[in-house]
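Heads up, the next two complexes both have chain A, just with different partners, chain B and then chain C.
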Partner chain A sequence: MKKLNRRSFIKGGLATTAAVTVLKEKKSAASGDFDNYPEGMGVIVDLTRCVGCRSCEAACNKEQNLPEPEVPFDDFSVFDYMHHGEKRRTDETAYTIVNRYNPPEIDHPLFRKVQCNHCNEPACLTSCFVNAYTKTPEGAVIYNAKVCVGCRTCMVACPFYIPAFKYSSAFKPQIMKCIFCYDTRLKNGEPPACVEACPQEALTFGRRKDVLKIGKQRIRETPGKYVDHIYGEHEVGGTAWMYLSSVPFDKVGFDTHVPKEPIINSVKEFLAMVPMVLTIWPGLFVGFHLLATRKDKVREMEKEAELKKTKENDEKEEQA
Partner chain B sequence: MKLFSNERPEIPIAHHTKEDGSAWTIKEKLWLGLSVTEYKKQFFRNPVNWFMIMLFAIGIPLILGRYAFGLGWVTHASNDYPWGLFLGFGLFGMVPLSASGFMLGTTVELFGRKDFHSIERLALLNGLLGYFFAVVFLEIDLGMPWRLPYPMFVSLGPAAVLFLVAWHVATYLSVQIAEVLPAFFEWIGWLKGKRIIRRYVLGLTVAGIILSTLHQGALGALFTYAPAKIHPLWISSNFTWIHFFVSSIFGGLSMVIIASTLIKNFMGWRCDDEFKDNLDYVTIGMAKGASLAMITYLVIKLVAVAHDQEWTYLLTGWGSYYMLELGVAVVLPMFMFAFGVRNNWVTLIRVGAFIAAIGIIWNRLNTALVCFNWQMYQEIPHWKEVWITVTIYALYFLTYRFIVYRLPIVYEWKGEK
Partner chain C sequence: MQTRKKIMRTALALTTGAILFAPGHLFAMDASDAPETVTIDSLAKYYTPVEFDHLMHVGYASCEECHHHTTGVQVADPNCLRCHANTPEADEVSCVGCHAADRFNDTYLSTLDDPRIYHIDKPGLKGAYHLNCIGCHVIIEGPTGCQDCHAMTEAGEKLFNTGKHAPAGGTSSGAKH
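Then we have the complex of A and B:
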């Protein structure tokens, strides 16, 4: 046997440490640290620049071949529209809408554009049991109507109330939502129709990491103009569409209570239990069965033993 | 049926052969051994059937309309409340009330409690029909019902909770069919089939426990996809799935107590003496189990409030509603069960079971509809949606009755077994 001296011990120890470090790094890079397509595109929406002209709504309607609206796009009475005490939302006829807010802090209204925020880790995607959603490397969350069953779990899961269902159709219903103009524009590196249509440059398109920098720059360079927060930088794990505002976000219709982590994180507690139940339950319950029915067997054995004993005793007595 | 069973000794049918030694045909068995005129007579003198006819007269056209004109024709087509009564009641409410199959299957087959044998088949049937009709409700609600097998075979999303629900409900439905089949095989007289199933009964029971634990829990976990939409008291990412699972235990047991009570009172002619004589005993046994599940449930509910630091919510209006739900739907029937068990007061248990079952549905509707979007407006279902829901439930009732009338569920088959 080779003798282990001090030198070889140190050598081996160092080699092992190095190997462990390398392997560990490799492993951590492979799981958990998925960087959500770092080259993905994004848009920053500056609420202070939007004038509520609804050009983006019109452009979206045309680009996505949506039905002609009941109220034309130059009619601003839609800003007063209320349904169940709620302002307008996306539905099967509109992938994007603009709502007006009158925050008491300032003397003029603010307008907020609503569309799919194209989350880094979308709740619609992670909740879908037929894989109808895809997050593309370009940053869009797209939807495949060909496999959709119409269960509407994505609508329950979406923290921003974006996906809408085509309830009016009996034979071809589907989810209706903004797809970042993926098919017609984003795929080719072009900005979506709404961004191109905006006359106020309220929407800035670029790589997500770049537009995020632009947003931070604006906050830094014009002190007092914006609240020091970019909605969408961290909300539900980060979104491709982000917002700048001059008033607190809850005053202009944003849900500021959405979790900072991706929605799927709150489901993981359950998902982690599934393999445990699948593997432990069978053995456990068959074991219970054996234990529960053991009594009958023990009783039988005891009876046999007793019989044997009495027999032996009888024999002994006979011998005596 | 009382009308005929008193006069004719061979009715109700419990044997392959008639009095004169000739065999009953399947057709005669289906007609309960009555002539068509006799069958009509007993059918129309039952007021329940008249109520059903009126219900279906409007319900069936509504269901056809749903398939012809879309979901928007029968619901409010809400994008804010994607799930209404069809799932809130039909799926989330029916499934926990159908946990009876695995509960009594486990009691009798796995733990060897043969003293619960007389209620086992009813519990299995209750489970099977509950699941089957939960799927029927799903088929009403799905946008594209013809794509039901897609998550199984066409496009798989195995990381989603609903994927697990779909697969487990489908497999468990097959397991439950296998568990109820022996009754059918006795009735048609094919004993080989019964023997085959008998061989796998332990495997089926264990499969039932695994599948039930996971998909009862998964129905709760589905709501953890909406942590910001549901009132914090009704959702907990750590505990909701355990709440749903544990409450299904007393939900399923309560439902069997209700079904057996109705059968004993309105279908006495069909029950045999073993069923009738044992019923009080097994009811007390089930109430004992249910009350234990209830106290467990209450403790985990409390743990969830403590773990998620939600004490302050209890002082709000929503908190009062939460306490009301727990008080009426769980604490009250729990004490009724406990008192009933202690004093052999079976009627109290039966009333308690009724409250507990309604309570489960109330809890599921709270999670899916009332406390969903709690910071938004409240969605009130469209009347057509309510009518269709009641119609499908009535169909469930009729199917249940149809089977209990015929198959050896609450009586023992007297022919060869």
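Then we have the complex of A and C:
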């Protein structure tokens, strides 16, 4: 066995520090790279326009050759679907879905389309050990299913619970998610199929910076119609798909507790170690798992705190 | 024909204008200038064309509510008024005259950079129709279902997996997708 003397210890320590520094720099440079896509495309989803017709869902299904749905796309009973108290979510058979909400503030329902938000600095991408994900200059977050090893880290890293898996064979899992119609449309400068299908133009497509301008114009020029916030302008460092709403976003199923910073910033230290993945794989995996579950825990804790507060209030009222 | 009608209309408008001293309303069109029906078929693919009963709708809305500033009738929206308080009748008043069938084409998208352009958010033709029609139908409780206005075509049934193309054995309750 080799004995560790003081000199080699220092030498090793220095080398590690150097490596970490270099890697860190490389990583932060890489994270900055995403900002270099100012021409990236985006979509602004206007909840006040959506009528819940599900045309976008039907168009996506055909464009992406997804399996036949359980029920027709003009069947609106799907809006009543609930599973463990949750509304429908995107999965390996549906890259986009529309959910209905009945916010008490208004006398009519609102509909919210869900799909991958194509983050400016995607957590799925930065968490992937094998670099299966790419953020293209056009703004799409795409993936290479061939290199995916099925570890599902992206699935837990995504703040919006988007990536899903197809287990056609136990040894060949495949990520499945919205790719902004990159292959068939976006790279040719065309809008995605859902945008084209929407009768209400609830989905407005253009350069991200321009649709952001459009969203701000709508808020400014129709006072009282919208809450003064564009969801996705800053959330998780900015997303290509953004939302306008007439009621506070938490009333229509949005997670308003996601950080304003890209997810990558909170895991940067951790990511500095990613290239060493082969030697410390198990530890790393546990780390990511902890990080991902922390996201849920924080949410649970918030919920509990809220419950406790209302309980306390109730008790106070009873005493009074 | 067209010219004669236009001249007469202009003459009439001029006289009325002169009498009423309403410069903002010079050259304004009115309901009698409008066609009785309009066939909306330029986008028909998944749905059949719409035979739009223009005459009937004139009873529900005034010109500017759908045609904005193009008919010469003063608009009500304060945003529009900032520039269009005295805009005369336009050469083109039909929807397609201003609203492009392919709004999101590359050329259009690259004009959005120009800070001099105010109308950066002009809906495309399909959006213009639906936002205008459904927007009003919701308020006055007119028909709002897709097939209330246009029946689905076979291509539409295929897209929506419905009718002849409905999934076999699908139950409508409790289904996720």
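Throughout what follows, the second predicted complex is superposed on the first by the 228 of 320 C-alpha atoms of A that agree within 3 Å, B and C clash if a C-alpha of one lies under 4 Å from a C-alpha of the other, contacts with A are read in each partner's own complex, and residues count from 1 in each chain.
Here, a contact is a pair of C-beta atoms (placed from the backbone, for glycine too) under 8 Å apart; a residue touches a chain by one contact, two chains touch by 3 or more.
What you see is a predicted model; the values in this text were computed from it and never measured.
Judged by the touch definition given at the top, the superposed model places A:Asn131 against chain B, while chain C stays out of reach.
When both complexes are overlaid on chain A, the residue A:Thr153 reaches chain B alone and has no touch with chain C.
Once chain A of one complex is fitted onto chain A of the other, the partner contacts of A:His84 are limited to chain B, with no touch recorded for chain C. Legend: residue contacts after superposition of the two complexes on their common chain; A:Lys187 is shown touching neither chain B nor chain C.
Partner contacting the larger number of chain A residues, of chain B and chain C: B.
Of the two partner chains, chain C is the only one that A:Val195 touches; chain B does not reach it.
Touch criterion met: A:Cys53 reaches chain C, while chain B stays clear of it.
Within chain A, the residues touched by chain B in the first complex and by chain C in the second are 91. Per the touch definition, chain C reaches chain A in the complex via residues 79, 103-104, 106, 109, 112-113, 120-121, 123-124, 126-127, 129-131, 134, 138, 144, 146, 152, 159-163, 166-167, 170-177. The residues of chain B lying in touch with chain A in their complex are 66-73, 75, 77, 79-80, 82-83, 106, 110-112, 141-145, 147-148, 150-151, 154-157, 159-166, 202, 206, 209-210, 213-214, 217-218, 220-229, 237-238, 240-241, 376-377.
Of all residues in chain A, only 49, 51, 53-55, 57-59, 61-62, 68-75, 77-78, 80-81, 83, 88, 91, 93-94, 97, 108, 189-191, 195-196, 198-201, 204-207, 210, 213-214, 217-218, 221 touch chain C in the complex they form. The touching residues of chain A, when paired with chain B in their complex, are 84-86, 89-91, 123, 126-132, 144, 147-153, 155-157, 159, 161, 163-170, 173-174, 255, 257-259, 263, 265-271, 273-274, 277-278, 281-282, 285-286, 288-289, 292-293, 296.
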